[in-house]
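Each chain gets a letter, A, B, C, D, E and F, in the order it is written, and its residues are counted from 1.
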Amino acid sequence: MKIIVAYIQPEKLNDVKQALYEAKVFRMSVTNALGCGQQKGYHESYRGVDIEVNLLKKLRMEIAVNEEFVQPTIEAIVQGARTGQIGDGKIFVLPLERCVRIRTGQEGNEAVG
Amino acid sequence: MKIIVAYIQPEKLNDVKQALYEAKVFRMSVTNALGCGQQKGYHESYRGVDIEVNLLKKLRMEIAVNEEFVQPTIEAIVQGARTGQIGDGKIFVLPLERCVRIRTGQEGNEAVG
Amino acid sequence: MKIIVAYIQPEKLNDVKQALYEAKVFRMSVTNALGCGQQKGYHESYRGVDIEVNLLKKLRMEIAVNEEFVQPTIEAIVQGARTGQIGDGKIFVLPLERCVRIRTGQEGNEAVG
Amino acid sequence: MTRRFPLALIIVLIVLATSMSALAAEGDSPSPPGIDQSKVAMDTVWVLVTAVLVMFMQAGFALVETGFTRAKNACNILMKNLMDFSVGSIAYWAVGFGIMFAIGNQFMGTTGWFLAGADNSPASGDAYVGVYNALSWASVPLEAKYFFQLVFCATAATIVAGSMAGRTKFVSYLAYSVVISGFIYPVVGHWIWGGGWLAKLGVLDFAGSTVVHSVGGWLALTGAIVLGPRLGKYHANGRKKTSRAIPGHNIPLAALGVFILWFGWFGFNPGSTMAAVPDIAHIAATTNIAAAAGAIGAMLISWLLFGKPDASMTLNGALAGLVGITAGCAFVSLTSAIIIGFVAGLIVVLAVLFLDRVLHIDDPVGAVAVHAFCGVWGTLAVGLFAQEAFGGAGNGLFFGGGFKQLGIQALAVVSVLVWCLACGFILFYTIKALMGLRVSKEDELKGLDITEHGMEAYSGFQIFTTQ
Amino acid sequence: MTRRFPLALIIVLIVLATSMSALAAEGDSPSPPGIDQSKVAMDTVWVLVTAVLVMFMQAGFALVETGFTRAKNACNILMKNLMDFSVGSIAYWAVGFGIMFAIGNQFMGTTGWFLAGADNSPASGDAYVGVYNALSWASVPLEAKYFFQLVFCATAATIVAGSMAGRTKFVSYLAYSVVISGFIYPVVGHWIWGGGWLAKLGVLDFAGSTVVHSVGGWLALTGAIVLGPRLGKYHANGRKKTSRAIPGHNIPLAALGVFILWFGWFGFNPGSTMAAVPDIAHIAATTNIAAAAGAIGAMLISWLLFGKPDASMTLNGALAGLVGITAGCAFVSLTSAIIIGFVAGLIVVLAVLFLDRVLHIDDPVGAVAVHAFCGVWGTLAVGLFAQEAFGGAGNGLFFGGGFKQLGIQALAVVSVLVWCLACGFILFYTIKALMGLRVSKEDELKGLDITEHGMEAYSGFQIFTTQ
Amino acid sequence: MTRRFPLALIIVLIVLATSMSALAAEGDSPSPPGIDQSKVAMDTVWVLVTAVLVMFMQAGFALVETGFTRAKNACNILMKNLMDFSVGSIAYWAVGFGIMFAIGNQFMGTTGWFLAGADNSPASGDAYVGVYNALSWASVPLEAKYFFQLVFCATAATIVAGSMAGRTKFVSYLAYSVVISGFIYPVVGHWIWGGGWLAKLGVLDFAGSTVVHSVGGWLALTGAIVLGPRLGKYHANGRKKTSRAIPGHNIPLAALGVFILWFGWFGFNPGSTMAAVPDIAHIAATTNIAAAAGAIGAMLISWLLFGKPDASMTLNGALAGLVGITAGCAFVSLTSAIIIGFVAGLIVVLAVLFLDRVLHIDDPVGAVAVHAFCGVWGTLAVGLFAQEAFGGAGNGLFFGGGFKQLGIQALAVVSVLVWCLACGFILFYTIKALMGLRVSKEDELKGLDITEHGMEAYSGFQIFTTQ
């Protein structure tokens, strides 16, 4: 089992969800995040003083999957989120040792899906 | 050392905290999240147009613990968060390699607790 | 590759970013979090009723780095965030198995940086 | 959809009212000779301007109640405030105004439905001929009288929304709203302002500490009791219940609401002369200084009790001062106004604590403390502080007038208390039996915005909904 | 910076206007003998107080439009509302007021620029000598007339901001704003209120259901059409387009906006007498009860259609009732006002659905439904419900007056519709060609606050910006 | 709790004031014969309505200041605005009004405490007998005069809250507030409006560009200087300090605040006639068009300087225009009003930049730029643009009146500047010494809401508090 963490552009969420659905990945969790990467920020100004905003709004997705779903999930995210422009984001894969479904107490592969 | 990540219903936070206290787990971090799982969403509508809300409000808890605390922590979360209804959430356990307390520079088991 | 997760005091963000820049770590993601640790909360009251706020506002940073950057990153965070007072926060290091750059599809060490 | 049936009731009521009144002879009143047109014009301007200020208090109430409660119920509260004014406007036109001011008996008016009774306003005094003779002293057109009185009625009605926030079924609230605007409030109004039995005894309630605020406050109390507290508000700890705070989600909105109410009160009190007379200056000054003193009083006592000056209490304190001075604004000196307001500011804080900690009655915005308790204080204060020199209504206890006026004031307080509690309990238990008063536990947890209206107040904002 | 050039235009306009008018002989009008000073004073007070209430409606519009759209465009909308009032104040002074009320032809006034025409106000009636004779009936100083009419003009102008929210270039909006305040609106005003051809035919539009609201509404429609929908608003599903909801981000602000508009409307309608006459009481009462009925109507129909009482629709419903009664507030009975308002409440919901689901025109705040559709209804309603007894303007169809008035009203509706659509399309397509009307796709996604103004509305708040 | 002692002071003050004045003979003034009752009534209506509008400006200031600062200090700022009005209401009644308008010397009034001096208002002119003879020209009751003047005093007082936002101890702010309302402001008022030495010289400040706004602005400046900048506002970069932006957290609220202030200014300026005379129309028109021009001016210059039209600057610009026209609203033409407003709009942007980037004085909401700088400009502008034809006060430099009036205006500007800086520094340093002026570094970081009031403004909302 793996945990896939992906940072994507906020406005891409719908497309990514769509792509994941097609890859039969229906479970996920999403958080707001601020990201700082290769993408340069933009300049706001407030009352004449510049603000360099280099923490840009991103979404963080967290998806726990069984091994066989790792590749399809990554592909789906890439497909949904890629625009080819800097700032598209990254995907991280972490090992997941245990997974418990709170409602039933089920564990492991069963619980992830 | 492990990192335990749990998604729970927001209104269950107090109960989970209570249960964790009883299990002698006093440290944790909590974030807002939107979750999409087995639980079907609900329908809002705005000006006559339907909105299918399938990203539901959840809380994400992150708790770093030493090995011997893994099981008690999971049990405490389950006890505090379970209602038996779809949407109760999930618990994920990830390996934790290092832990540093910023204030003192302490590392490892000591730092986690 | 590792994922470094750090909880810091919100007002320390700028200092930590500064320290990270000096350590040549330019990529990171930041989320709002509420934390509960050794630091005691404070008391609010609302209309005469006490509220014990023990979930304090923290920032969660997530930084994916290559092995050789692990130590410098930790040191930079400690340097930027340490005040010596309870509540300074913690740093967690998790194993990272894969990393994909969405824009290019690059993988591994190359993608992290 | 079956539980939507009560709606039918409202529709029927409207249609009925509409058609009945369409049959009634409406038309404009040809002005009888001998009217001072210039005075009529000036008085009408004054009455309308002040009525409009009072109407704007609806926005103030809406904001205070929204700001002091949780984000997940914001749309619901706003809808309640909007709709109680809307259905109230119709109910008061159909029956309320007649009950309150038209010819009838000591208990209520029994004529003048749909504003269609005989009336030759703006003729006034002896020249007046018509059924609304309790308002014959005012030389403004009938519809100015209706509109001015309507906005007062709406104030009483909307107070209740506050104490019932966060757990009441919307349709039940609508039903309640029709009854208070069309019946409960107008009856009290008739007693004191409409020539009823208390008016005969000489009760002094210039702009309605009792008529408006206590009525709203006591009904708010019954509503809160019948509903029970919000989930999680009280925590049974063995035998002892402890109170938990459920903080309001938008204090700036609430503060704006208080400023709007303070602003609107300059319509409420000075407008109650219903004439552009010089007294309005005195009334405006007492009103303002009492509000100021109320805010100071509440700030100081909250500082003493909690160690910090509590913003939500201080905001309530300003309102407390305003409610407190409402009955006596025309009858007391500026110095007395300061004392009345200051004491009201103390009362409101203590009353909030008493209701919450001792009685465990959950009133999210302090409606009972502000309107009922300070309304009572304000009414009694007339019996204490009134001075012949102001408004010519005799002296109170502290100025050598003896206990008489105070006794009459106390009688009014008690009668209205009894009437409101009786009506309130009957009304809310009836609604509870017929259509249910409280939403389900699940709906309450999710928030009324989503469950009752299918929408969110702050779409896109990330909000912790752990309570 | 090159794309900022249109600004030069505005500057030039201002400078030009300023200097030209500085040359004109300004000065105060020595009051001619035989003026009733007390009436002038009272009328001036009334006109100013009501004008100020109408001015405050700008805040109401700003909040409604802000609250009903997304957080990322909030600053932009507020700026639009602020600036259309600002440039409008100048444009209307420079040319608009002259076009609307000064001597000219049937189509428009052609004198009296910069308020510098001859004028001996507050002399009125036969004693009036000057170029603004379409307003000679009002016995207030010229600048009171200007200010009162200006705030009406600004209302028409600001309506358009709503339907164009979230995707319009700021500079293009400014350009549009000058033209509507300085030309499009005043021309219609001249036709109906300024002695133009429709006025000659006897059109009845007391406070501007057509003159103000329909004009704003139809221009809003053309703006929304020329711009096209916001990104993501419609989803092509094979051949079929489906509509997606883009929820407003701050319903409490929007609700406050509606309360402010309702409050301000007591300036809009009763103030349109431009004199402190007793009729203002009747007008205030019809205005209020129509708004109440509108809210009830919209609430009930949204409840029936969607299964839940929709807050945003109900808020629109109150505005619908207000727009609906604006033309007839002085001419119809209270009962008729209820019916007019109630029907307007139904219309607004159906119109929103029709525009969105059938025509797929994206009007984020319902400006077209509220102001254009209900403005039409209100104008026609005068032909149906007018009663001789009120305002003395003859009877409508339902009260035995036959079809004549209704026909005239319909003619006005159609003429204004044609004029506005024509002007609107020409104007917006011209702006599109000259400077572009819509922001880039990227800017729209990021939000206009950051891209057009370089700032955020809610700094520090965590907001999901997935749409 | 020991550091709460200053409170005792306030309590004592109130109690003392209350009891002293209770002894004084209060009572209503039997109207002397020969008063034009109708004029008195109309003037009183006008004065009260406009006073109420000005009172509502408190809400406007509260919102502007709240919106332009960070979420973590919102409750604190709201409390300050509420409480300075509250303690001001009492202090001004006790001593301020007497100092300002009662018989005394050239420097200040020395009689008429507690509004208890002899007075036969609404008798006016020669018929007036009493101690408040500086206001004998107004034919309204004494309490109308007090209330109207009070709301002006409160405006001056509340301006200071803005520049001191986010770092001032609440109790110290209260102490400051008593002194400005009770002493500093009334003294200036006496000089210019109360028959003092500047009035004798013929200074023209119709509604208070100097009396109200400059006083508030200069005190705001001293407050900001004595306090020092907010943590993190300036960044020492070697020898050079660079300024950092600390964005406001709720621009919609701030914008609403500006609309409310604009709205309230129609009380501020036209109300300053204190009589329902036709001139109010001219004043309302100049006020409005100057605000419009101010917004345009600030928008254009911010567009030029920063490449984008800055919303917060534009909002300040509208206020700048209003402050600028306040002194001259009755004395200048509409064209001049446009120029005055436009220039004020330019000034405010440059002044904000100058204070921030050059002087490194941290004024979070631009209070000094808006009120002090534009107040000075407005006062001088009278000497430039005044025209005999308006208000009959003589011609300014540009209309052939020579330098005389300009010189007098400049003298007033300088005297008030000196007085305010002197008083301000003495006052703030004294407070600093006695009870501390600034909160601790930790408290400032956490936010004053939690540390000074123990509560949060937006409970449940997730907000980044990284600054």
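As a convention for this text, a contact is a pair of C-beta atoms (placed from the backbone, for glycine too) under 8 Å apart; a residue touches a chain by one contact, two chains touch by 3 or more.
In this text the structure is predicted, and so the values were computed from the model without any measurement.
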Those chains which touch subunit F and also touch subunit A: C, E
Subunit F against subunit D, contact positions shared by both copies (same if over half, else different): different
Between subunit E and subunit F, centroid-to-centroid distance (C-alpha), Å: 33
Interchain centroid distance [CA atoms averaged], subunit C/subunit D, Å: 52
Whole-Å separation of chain centres (CA-atom averages), subunit A against subunit C: 18
For subunit A, residues contacting two or more additional chains: 31-32, 34, 44-46, 94-95
Residues of subunit F engaged with two or more neighbouring chains: 38, 42, 45, 49, 247-248, 250, 256, 306, 308, 310, 312, 454-456, 458-459, 461-465, 467
Full enumeration of touching chain pairs: A-B, A-C, A-E, A-F, B-C, B-D, B-E, C-D, C-F, D-E, D-F, E-F
Partner subunit B, residues of subunit E touching it in the complex: 243-248, 302, 305-306, 308, 310, 312-313, 349, 352-353, 356-357, 366, 462, 464
Touch list for subunit A against partner subunit F, complex: 32, 34, 44-51
Sites on subunit E touched by subunit A in the complex: 445, 450, 454-456, 459, 462-467
Partner subunit B, residues of subunit A touching it in the complex: 3, 17, 26-32, 62, 64, 94-103, 105, 111
Subunit C to subunit F touching residues, read off their complex: 10-11, 13-14, 32, 42-46, 57, 59
